[in-house]
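Next come two complexes built around chain A: one with chain B, the other with chain C.
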Partner chain A sequence: MRSSPDRSGTARRHWRELAERACTDEAPFAAAALYPYAAPRERAGLEARMFGERRDRLLLASAPFVAPAVLARLAALDDGGAVQLRLARNPATSAAALGALWRADASPRLRQLIARHARTPRAVLGQIAAAAGEIETLRALCENGGVAAEVLATVSERRIGVLQRLLAVNIATAEDTLLALWAEADDEAVRAQILLHPHCPDVLLATVPASLLERRCLARQQRAPRALLAELANDRDAAVRRAAAENPGTPLAALVANCFDADATVRHAVAARRDLPPALAGCLVDDADARVRRALARNPACPPELLVRPATDADAEVRRAAARHPHCPHELLDRLSRDEVTWVQAAVAYRDELPYAVLRRLARSSDVDVLAGVARHPATAPSRLARLAIHDCPDVRRAVILNPRTPRMVLRLLRQDGYALHRAMAVDHPRFADTDRWRMRDDPDVQVRFRVFQHFARRDAMPAAHEASVHVTQLSHYQPHPPKEHMETT
Partner chain B sequence: MKILVPIKQVATLDEDFEFREDGRDIDPDFLIHDLNEWDNYTLEEAMRLKEGPGGEGIEVVVATVGPESADEELRKCLAKGADRALRVWSDALEDADAIGVARVLAALARRESPDLIFAGVQATDHACGATGMALAGLLDLPHAAVVAALDYTPGSNSATVRRELEGGSYASVRIDCPAVLTLQLGINTPRYASLRGIKQAAQRPIEVLDAEALGVTADALGAAGSASRVRRMYVPEKGRAQMIEGTPAEQAARLAQIIKEFGGAA
Partner chain C sequence: MMSGILVISEHRNGELRPVSRELVGAAVALKDATGEPLRVAVIGEAPERYVAELKLAGVDEVLTVQAVVDAFDPEIYEASVRALIEARQPSLVLLAHSVDSLGYAAPLAVKNGYGFATDVFGIERDADGWVATRAGYGQKVNIEVDFPGRSVVVLTVRPGAYKPVETFGEPSVSAVPAPAVTPRSQHLGFEEPAGGDDVNIPGAEFIVSIGRGVGEEDNVEEFKELADSVGATLGCSRPIADAGWLPKARQVGQSGKTAAACKLYVAMGISGSVQHMAGMKHVETIVAVNTDPEASIFTIARYGIVGDIFDIGRELRNHF
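Let's look at the complex of A and B:
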């Protein structure tokens, strides 16, 4: 939290007005938006608005978009069970706040939530791992996505059978812990998870196991030896063959037979490989199963010259997949833009690089999916965007906001949109001006007001140099301007 | 012509909540309020008639029985185009059930004399599904429940409705007007209010009425006029179900044992 933000005259006036509004706002979120950037003397008023009513404290405690500083202050209030439970479940709650909750006289439910929270301090998780008696708390810890390997090793040393599989699943479990689990485990489900784990010891990946479950997991292990994966690609079980076919480590030579596999899901896995050679693509282009043809048509590894067949496929989803292929030739796109199924046309409309004539034709469509694609297209003309910005269908209007090239004048139309989510999205658009955002400070929707307040609080707390770098970063996110011949100019 | 649209401010809950001290309701601190989902559709249907052929003279009146906080939902309806908003409240209505609420709405309907009344099939919070039909009974008006489609020409003496029945079947029914219809979700596509409409609605008056002033007598008001009373609200204690711990093999063995114990297998 900044001790005393240095604001310019206008910024000071803005801040004063926002702070006054936040303190009388019907909801506590406007005050929460300002709080992390407020000077100490201003915080008392904001805290009074945020924490004065229990109802508001409950709302804030479960809001994942609220700044960690607000949640930390709330955690320090010692506000009883319901607020604490919500804080412990909130993914935005900071490590310090979770540590404070843990030091309190925690209920079993609160201990479980803290054990599961990805931001819980390592020291707290270490205490839980070493001493917690409730199996549900230990289970929650094993399911924690942010836990350290040493903590999981401590749990493993307690040798609790029902936790073995969860330990083998957790991505942080270290190699030596997995080896110890392997030695203890007499359950194939646990061994299978160990074989699948990214830290699986090499020594366990040397032979093909007898158990089906273990073979299925080994076939998905990217570090498995190529020879072993080649053997699994010819396994008698279709799920094992499919897993091997999906595995980038499986040598391509081993996949030739999979192209003609009796099981369509195996052929589908081959068709979707990013390293598919043209010869194998040729084997699959006329596959009997439409899902296989669709996966191939969408695969960037499928040679563009092969797309002629998917582009004329009887199945509309296959044609749509061809339209989404990153290297689909322009003449095919032209044909697909006239497809009898508008869902196929929409796939064309969603491509960034389109001949002007195709974009213009699609813009004349009345289908909302096609028009949404046109609305988010970087080359669509501002005048057309202005028309789409007042379209009856919210999906089309939303696409206009999602277009990073939508000019400010069009965005100003969307500032009046009846759908609050659209107004909230418009606040964050890089081409929206601060004068436009300022006019939205009394928007009737609470989430829009939160974003406006947060924007000005951040901006005014930001040193000038940092602000300049952010501006450069925002501009760098823009797509390069499309070539002139692809631009719609009217 | 007038269409009365009774609406309800409903409550939703987060995962954790606490009960009131008397144990008969949720602690209001844990409630988040919103307009009943069905009421978006009833208002839209009224607006569809008003904006359609022959609808120029239609007045759409929204009404609710609820405390001051319910004004927020009435304003949402005004923002979408309702002509007038009425709210009826007395402290005694705190304990009114669906029948008790219907008695108040019936008194209001007698005062307003609408040609049609569109209510939602049910409310998302209590899900009684009774208010609309109880209102029809109290007014002694023709009625149709769970209406999925409406064919009505403004000013006509009858309407044709398609009622949703069990098993995916429908019934087409001709009904005399004035009538009370409870409308089902999906009968139309509700609109969003424009920002201008929302801002204008914030300034528009809401007529607040006292139930007694509408002629609802004390013996028909609130708990006295209700057919039911909530004695206790609670979360059932755990114990009827349990998680089977252990590895898959241990879980399967325990499951087989349970099935044998309960006679599900030889």
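Let's look at the complex of A and C:
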């Protein structure tokens, strides 16, 4: 962020217009898009638009896509409970803002949310661990995915029984804390979690436990000794055998018997192993259970020459699995692209490397899933994409936008798509031009406008020398999925 | 004085649509509360073929209107329903909120000055008349709509909102003369919308649905097996369908299908975007599994599990 952006003439005109529009926009998001990049003298107007109405403050407080600077300013407003709670729930809220909320007179619910927030400062979490009285706040702390091992150790030292399992689950809990928990725990669920933990002390992984729950968890522990895993692969309980068969640490020699296990889920686990030797794959290719054949057919370890059988299997999902195998031979793909089940054809259409004739044949399909695959394919011709961009089905049109190689002329066909999500995704497409984005600044959808405003604010705050390289990296880092937080409003 | 409840049934390809019995279910409850008579109408080329299925418990009269074609035609339905209202003078007319009623309900109401609300999932009668409940502001709030000054109220009812009537009764059967209508459209044939497989999300009563939490395509298989083993239909959120991991026909939400008949919805690894929830938030029992205890999906779930979807899925499978 630059406090006084140095903008070119056009950029200055753009900025002025955007700032004026943002200040009168029906929603506060346009102002929020500009705020982090605005000069101090411009911020007052934007703040008035963002924070003038309580309704807007509530909206912003729970919006995970607005910049942390907006949320931090909001946290400093001392706006009462509802806004604070939303801020504490918002994953984009910064550590500083959370610290400010903590220093205010936090309600019990607010303390819980702060204790659980992944960005809460370590010092605050330390205070909670050492002194918090409410069990719910401590529970929230133990559920925090960003907490440090020392903080969890502090909680553990308080010896609160109901927190033992949560401490054993938290990925950050250190080995010595787990050992202390093991010594105290009389609940097999807690011990099972400790055995499953990536920091589980080696000393606990030496013997096969008696309880079923612990054996199931130990069988999933990748650091368990190979001899012990081999023993668990022959356990009387099918779920334990399955877990051992799934565990990459289990020696292959121990899995031969599992290929013929009475329980199909155990055979399935063997069929899905990435280190499956061809000989074992051969044992499973004609398995009676279609799920086992499915798992084998899509397993990259399954030799391509074995795929002939899954590709002609009576079960369509097995044929589809063969079509998704990363090394499925072209002649099989050609056959599968003519499959009587369109969902199998779609599996072929979603592969990047396809003979052109196959792609052309699939493009003649009327099935939505097949056409969506064609629309996302990197080799689909622009003329074909243009036809798909005006397809009746929104799923097909969306697939055109999800294709990083869709040219600008095709994207322009989608600029006025009836579905706001599509327009928002088009704004983010690396091949969309700024002139096209600029024409969308008065889009009727609030989220589309937010993205347009954010794009220009970011671009104009960026040193010109870096722009070209940024464009290149945009293409290589284009995420075909829109951000999780995307809001559709129509 | 208008009195009575008139249900307009729907049929397609010669079969009565299940929503017709749901409309009767809604109407029977209102009849019990108000005492108003309940009539069910069927419009078609040979309407008598549907009569036996419509002789449901609580129905007082089944009305038939013979049309020149059996397939739905908006002009025939609009004219026929108007004729039925004039013939029986009901105060409330219930239609399914379906693609059919979208074609004629609004012009029927506007041209005749009837009260009108769509996608209704709650109906009551207070001292001033009928009150309908529907969602507003992108399903975020429930809105009660009343109809002051309207002697007839037409409501389209959300499929899945009422329990269908499954028992039969002994209503009388009458034919209402068909109005003279020359359809301007011609029915050529019925084609099922394109879909990747035979899944029926709107008709499924138990759905296990997966979202971004599954991580990668290979993991979808695990939940396919889970759905198979617990007897559920597998659904998904939009990113899963967009990635081609499951067919578009399995997508639940605003841009996909509505879980209209669902009674139990297990959302695994779905954070709960407004768009996804639009397709399932009406479900009576929602179970959400997510590692993020603050995920939006928990705000509408009856049961919430904060945990790893793979662990929970594995445990569930161990029980079946």
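Methods note: the second predicted complex is superposed on the first by the 472 of 490 C-alpha atoms of A that agree within 3 Å, B and C clash if a C-alpha of one lies under 4 Å from a C-alpha of the other, contacts with A are read in each partner's own complex, and residues count from 1 in each chain.
We take it that a residue touches a chain if its C-beta (ideal position, glycine included) is under 8 Å from a C-beta of that chain, and two chains touch if they have at least 3 such contacts.
What you are looking at is a predicted structure, and each value in this text was computed from that prediction instead of being measured.
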Combined model on chain A: chain C and chain B, fit or clash: clash
Touched partner set for A:369, first chain B, second chain C, both or neither: second
Contacts of A:54 with chain B and chain C, given as first, second, both or neither: first
Contacts of A:419 with chain B and chain C, given as first, second, both or neither: both
First (chain B), second (chain C), both or neither touched by A:41: neither
First (chain B), second (chain C), both or neither touched by A:394: both
Which of chain B and chain C A:295 touches, first, second, both or neither: second
Touching partner for A:103 - first (chain B), second (chain C), both, neither: neither
First, second, both or neither for A:236, with chain B first and chain C second: neither
Winner by number of chain A residues touched, once chain B and chain C are compared: C
Clash with chain C, by chain B stretch, listed 128-136, 200-208, 236-244 or 254-262: 128-136
Chain C-contacting residues of chain A that also contact chain B: 89, 394, 419
Of chain A, residues touching chain C in the complex: 89, 113, 116, 140, 143, 145, 239, 265, 268, 272, 291, 294-295, 298, 316-317, 324, 341-343, 346-347, 349-350, 366-369, 372-373, 376, 393-395, 398-399, 402, 419, 421, 480-481, 484, 486-489
Footprint of chain A on chain C - complex, ascending: 138, 194-197, 212, 217-218, 221, 224-225, 228, 239, 241-244, 247-248, 251, 254-255, 271, 273-275, 291, 293-294, 306, 314, 317-318
List of chain B residues in touch with chain A within their complex: 14-18, 28-30, 191-199, 202, 245-250
Contact footprint of chain B on chain A as seen in their complex: 53-55, 58, 62, 82, 85-86, 89, 135, 161-162, 164-165, 187, 189-190, 394, 415-419, 423, 443-444
